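First, the structure itself, so that you have it in front of you.
First chain written, first letter: the chains are A, B and C, and each begins at residue 1.
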């Protein structure tokens, strides 16, 4: 399995892209709340790196990635700042963003599974670790923007992460060829996520109107 | 003192019940925000296990309970899911839920005191550790539901936890018989909480209308 | 460099004042949401000690300050409680509070830089550590009060922290005389913050009205 940060250059580049993409979408959310420039960059960094940070804190896996490699902080901050300057253009690139965000989800999920695997966690925790890495950054973003997290309300986002993690983790048990399996998982997760967006797949909702206790 | 998870089977069962009860009340809160099924299960697990998780992270007490014993994740997730299916019935069981939730508060508080005691924390930290374990999960639930935490606004919840913890921790100093003291603490905490609900005991509120700075 | 808690008595006193000041401003915010007395004290303690706590958790720097020295919890709790009793007077002291809060920001920032330096973090992480220590408590306060964090929206707060941290950290590299440099940094940071308040210096905002994706 590739390490964090991945030594393989393709995955390294993908993980940088994922950080940048998640930071840029968070910057747009910050702009909708009229945050100042410093706030935009902070929200971008927290969103892009928050998932991995929460995972590492929960697993006691120190030092954190961005503490060891502050370049990740720089990438996230610069990506958010560029978004301020190019916000009009960024909006037109909506489709590109959806793809980049999906890449981020899948790459983060796989890296989260890797980390849990390295610290000898059990299979359920490997899956949960992937899901936290892929999804928790967006939850932090929504909390800081004072929204109910999108993750809990709609779209197949957590589910994509779980399926990706399950598929990916199979290789740990079967000891399959790393590169092939990583590529397969990546393709599967990305396809699932893009199909879910395209066809607006959603989980059933639980609507409950009982009184507050 | 009993360990986490308690070796004593009664307390083991009580702690499972507590996790399930807290997850189910969180699931109802999720339903009020029309979360999807995955969101309901996530909110349930975060609420039920969040208090202990925050305590362990603050005390540097690794591995986390649910990382070591993923069965807790499963119980919380299943309890939330069952709540979706049986929401109408669950509501009618309102009284049962209040009791289960009170059991959760007391059991979590005692387990939090135990953990702090095991890592040689001082008495104030033992009490705070119990309070965090008992109360912080509900704070996470309210943050994720975009509410001001109920804990800070009304009902004797934190106070019950503090009183329970103080009473329980006395035994650490006096080296009293474990089983008897645990039972006594449990009865005291539960009674206090149920009386507080029954008679709507509340702390005085601090109402301040000065301007924002 | 002085340790946490600073051995030097002046800095020790300043750090106690900083904790009390941040707790008191949080108590006023709690009063605006009509929290009960226990909630006010909890919000005060979380705000005053939250920044240092998040920093220590992120850096894996255990035990936490308030776990080792519960006196900090007591100071924060008492300060919040006194605010309830004296809220009318506290408001009239608005100017004094702004100064105390500014002292808190600068003292916390310096202590955060110190801690990161002690665990051999790189320069960017030293700065970020100072910023988290100075600013994250206020973010927790705003999340718990169900607001978009003020930090992200207005006033030079994070920027003051970054400038203070940069200036302070220069001394680590140059091995300058501790006391002189600490005093200089303190004066610079405090002046910058007070000027920023006086003249309403603000960062430019990023206002974006594109649709939610």
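Assume a contact is a pair of C-beta atoms (placed from the backbone, for glycine too) under 8 Å apart; a residue touches a chain by one contact, two chains touch by 3 or more.
Note that the structure is a prediction, hence the values are computed from the model and not measured.
Undergrad: Determine how many degrees of rotation, between 0 and 180 and to the nearest 5, align the Cα atoms of chain B with the equivalent atoms in chain C.
TA: Rounded to the nearest 5 degrees, it is 120.
Undergrad: Taking all residue numbers at the chain A to chain B contact, is the shared part over half or under half, that is, same or different?
TA: Under half shared, hence different.
Undergrad: Chain A to chain B: how many Å between their CA centres?
TA: One centre to the other, that is 30 Å.
Undergrad: On chain B, where are the residues touching two or more other chains?
TA: 57, 60, 143, 146
Undergrad: Where on chain C is chain B touching in the complex?
TA: Those in contact with chain B are residues 25, 27-28, 30-40, 42-43, 53, 57, 60, 62-64, 67, 70, 73-74, 84, 87, 91, 94, 97-98, 143-146.
Undergrad: Which residues of chain C touch chain A once you look at their complex with the stated criterion?
TA: Touch list, chain C to chain A: 57-60, 121-122, 124-125, 128, 139, 143, 146-149, 151-154, 158-159, 202-210, 212-213.
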